[in-house]
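Shared between the two complexes below is chain A, which has chain B as its partner in the first and chain C in the second.
And then the complex of A and B:
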């Protein structure tokens, strides 16, 4: 069937078209319908691609845009890793969009709703485009599409600090993106091609030259800014704290994860393992930065008073686990990274969706939701039992308790560490999990063991439209913690394919 | 020295742009720095695309050396992205001015701290 052949293009084009349509419609409800339909179709496309990849020759689907054959034209290239990330991104969008309808009603002025959906559509386009494209410059363009729209989405927050957070993110993000273009520029100068697969072949002849190493350095720093690797994470906590709840949930689950994907793509597909990991002290640098993130950011998280900020810092810490897996330079390490990229995406998405429902449940009808600070959360378990319980399960997954997805990723990290005979790292991984216990316990203590303030004992559970998608994700964190055939299977396939292509 | 002229200018613009972003607290000046930083990238791409003695890539019998047009196309895209970033940054600066009454970073931080000491 011819439609099935064009899935890679449809994957990106449908959300792209939905965004200007949403602006033209100028009506919140119609814009919602358009963008949500596009997101669901994108999710269907991602599932379709994921099924196709299983049968495709060599596990790669190549799509020449406009029938210009690669390496001259822009190629969309779906391999196992790309299709896995596409599933995560489009799946989260398909879930967060219906959720956000009830949420932005309270958080964003009504006359701006259609613009919110348009920006969401653009952000989704950018993230999907980064993942699917096989062209280096195209990555930059899609990166800017997703970044610019996410700055706008963050600035839509009601608190005026959302504006400064968005501004700060814009400056940091643009520096990161500029560094990425500089890196791509050096690679283009040295290889004369922009197609990633072609570049990977040609870079072998020039891999010992200084411009290639400079390109590697610029790309590493630029992408690390985008994925909030410690100490380049300063934009993240404020941006996540003051953005509208739906935006926080979507960005936390997808944006940094796609940046990790770009890093993996450049390291393993373009530069190749030997260049990145053997000739430079990059694994050591990455190992130590990851460790500092795991301990430092988690420790900072413990002392936050705003629940959203707490989990934002926890995100920085969790990114540390992902980059730690990368630094091992082994199939198991990469598998751990890829699995954690997915697992942390759904767990953090669930937590931020539940917090979004929580603030709306706490607000009086029609009022702007308050910030979820701990003094307002006392006795929450009695007032919102389902929301509190969901956040606790999400928290257990951040800790890595068996039966949740977090355990699966940490298991593979520990396997990878043992494989390299780094026993002390096993201790470090377990110790840093204790810090996660501490910040999750802060929530448990306030929500379950403190009496609700006088006069606020009544049940005020979040509306069902907000609870249902969030709980779907919570159930997913348990489901994929028990049945790992989909996640670990895909990640293992992807890691093997990446490592093989890098040799 | 002269043969590396374009590279020296590129590096100067890059460092100058980064310095302005870091050293200036005024939100508009930071955006100026960001634009200078991005301009350095335009030069980084465009300059190597030019061949000495090369002409515009339009086939004609009397020419045999052509400059590479691809960097120009890429940078055209990058310029558009740069304009969009600048426009969005300025729009945010306007909104920040409306909300805080200032576009100086230290004053904004002081206002935030006064509102929420945590």
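And then the complex of A and C:
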């Protein structure tokens, strides 16, 4: 079928069209329908691509935009890793969008709804575009699309501090984007091409020149800013805390993950393992930064008073696990990173969706939802049993309890550490998960053992429209923790393909 | 019913039961009825498996792959059979007891209690039948998490603090020690399956001893070996039926069960020789030290808890001696201790319910008011001291003869000293209960026996303690299959 051939283009074009349409329609409900339809089709496209990849020769699908053959035209290039990330991003969008209809009703003024959907569509376009494109400059363009739209999305939060958070993110994100474009510029200068596959071939001749190393440095720092690698994470906690709940959930599950994807793409496809990992002290630097993130950010999380902020810091810590896996430079390490992209995405997505439902359930009808601080959460288990239980399950996954997705990631991380005979690292990984126990248990004790505030004992479970998508994700965290054939299978294939391409 | 369906049924029944209990939360009689029916059915299912296992078969059930090459699989072998029989059998007795206890003390949140209880039994059975280390580890964690609401049942600050200690030690040690051990075994052997004779390749000497060290490290805390014992007394804030079944049978037994299973099926006894001296020293120390603490504990449940710490180290010691006979003794001691200790906890709970007494020093003359309870208590206590004709008698003898065969004089001495200590902390209770006069203020508060279900339950378990001594043939047969050259 001819349509199947154009799936890579449709994957990005459909959400891209839906955004201006939403603006033209100028009506919350219609905009919702348009963007949601686009997100669902994008999800279908991602599934289609994932199935095609399984049969494609060499596990790669190349698509020339406008029929200009690469390396001259822009190439969309889907390999196993890209299709796995596409699946995560479009799947989360397809789930969060229906969820957000009931949520933004309370969090965003009604006349701005259509803008919210337009920005969501753009953000989705950007993230999908970054993942699918095989062109370095195209990556930058899509990165800007997704970043600019996410600044707006964050600024839509009702709390005035959302504006400062968005502004902070804007400054940091722009610095990151500038670094990235400088890095790409250097690479273009040295290789004379923007196509990633082509660049990978040509870079071999100029491998040891200073501009290439400078490009690597700029790209690493720029992308690390976007993925909130410690100590470049400052923008993240405030942005996650004050953004509307739906935005927090979507960005937490996808934005940093796509940035990690870009890092993997540049390291393994373009620069190649030997340059990045053997000749430079990059693995050591990344190892230590990851460790500091795992311990530092998790420790900070324990002392947070706002539940959203607590889990935002936990995200910084969890990113540490992902970059730790990268620093091993082995198939198992990379598998751990890739599978944790997905696993952490769904677990954190579930938690933030549940928190979103929680604040709405707690608010009086028509009022703006309050911040989920711990003193308001006392006795939550009695008032919202399903919501609190879901958060606990998500939290168990952050700890890495067997039977949840977090365990699977941790398993591969430890196997990777053992392969390198790094026994102390095994200890470090496990000790850091005890910090996760501490912050998750803060929630458990407040929600399950404190009596609810006087006069608020009544049950006030979040509406079903909010509970259902969130619980779908909660079930997914258990499902993919037990049956790992899809996640680990895809991640393992992707890691093997990446490592092979890097050699 | 085929063996495979029996395994599946025994794993699913507690789940279904828990669901039924949750749904029947508003109707206490129906709810308790479901609990009893589930436990009885479960025992029948588990018992179905006994004949095939005795005949030398090893029924298997493969569910799905957790990770590539690591399936979630169950296989019934003799040791697991023993453990499953105890857990499911005593659950019936315990359910009867719980009904009396929970109603007698008007506990809150009874539905949650029964639901968690059923789920805990389900995960204990999954641990018993686990065919590989990963499956075992998975349900280990489930068991820990499920019992957490039971430990903190009272919801008071004290219960919360106890629950925190419980969770911190159990989760902490299993994540920090057991998990890397499981992964390391997988890394070395390429499988985590339990196989007779062990799975670790003999050639890997350096790796073997290292991983051996890790593995033993990891499992030592569940049997509450000092210095990792603190969770057990902390967990005694739980209602007595929980202490009785979970902390005398399921949870701690799951730990020693793992020790025996790992020793026999992952390492193989032959490979371990020389690597367990420190384990002997450590468990020996725990046996004596915990007994001394028990001697000075005035709270009855606390005394029993420390006695458990000490008794379970017998099992570890029996394995560490590495004589086939002592390993057999260790397996037997799991059973003997289960029956004896549950009787003791039942008695403690009965005393609390009927007389509202928790301290040993308050028990003067109570045997005259609660003769059945205290008789059962005496049976349990004598059995743990190691006096025939009670179950604890012969397991101790096996461990002793194993120690002699291996010329482990230290172990021998430890067992003898601790037997004296056991007598020293149990016999005064029995003496006070039956021979000392009631105190004056007790005379003003008359009370009789505990509610009937409780008395029935504790008489049954005491009867079991005696019966085990006389009708031990199937048990011995199972043990012989576990350690073929024991005798």
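Please note the rule applied: the second predicted complex is superposed on the first by the 503 of 503 C-alpha atoms of A that agree within 3 Å, B and C clash if a C-alpha of one lies under 4 Å from a C-alpha of the other, contacts with A are read in each partner's own complex, and residues count from 1 in each chain.
What we mean here is this: a contact is a pair of C-beta atoms (placed from the backbone, for glycine too) under 8 Å apart; a residue touches a chain by one contact, two chains touch by 3 or more.
Bear in mind the structure is a predicted one, so any value in this text is a computation, not a measurement.
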item: Partner chain(s) touched by A:234 [first = chain B, second = chain C, both, neither]; value: neither
item: Chain B versus chain C as contact partner of A:422, first or second or both or neither; value: neither
item: Touched partner set for A:62, first chain B, second chain C, both or neither; value: neither
item: Which of chain B and chain C A:496 touches, first, second, both or neither; value: neither
item: Partner chain(s) touched by A:41 [first = chain B, second = chain C, both, neither]; value: neither
item: Which of chain B and chain C A:52 touches, first, second, both or neither; value: neither
item: Chain A residues contacted in one complex by chain B, in the other by chain C; value: none
item: Touching residues (chain side chain A, partner chain C) in the complex; value: 396, 399-403, 408, 410-411, 414-415, 418-419, 426-427, 430-431, 433-434, 437, 441, 445, 449, 482-485, 488-489, 492
item: Complex interface listing, chain C residues touching chain A; value: 64-68, 72, 134, 137-138, 141-142, 145, 152, 155, 160, 164, 167-168, 171-172, 175-176, 179-180, 183-184, 186-187
item: Complex interface listing, chain A residues touching chain B; value: 137, 140-141, 144, 148, 151-152, 155, 160-161, 163-164, 166-167, 170-171, 174-175, 177-178, 181-182, 185, 188-189, 194, 305-306
item: Contact set on chain B toward chain A in their complex; value: 14, 18, 21, 27, 30, 34, 37-38, 41, 44-45, 48, 71, 74, 77-78, 81, 84-85, 88-89, 92-93, 95-96, 99-100, 108, 112, 118
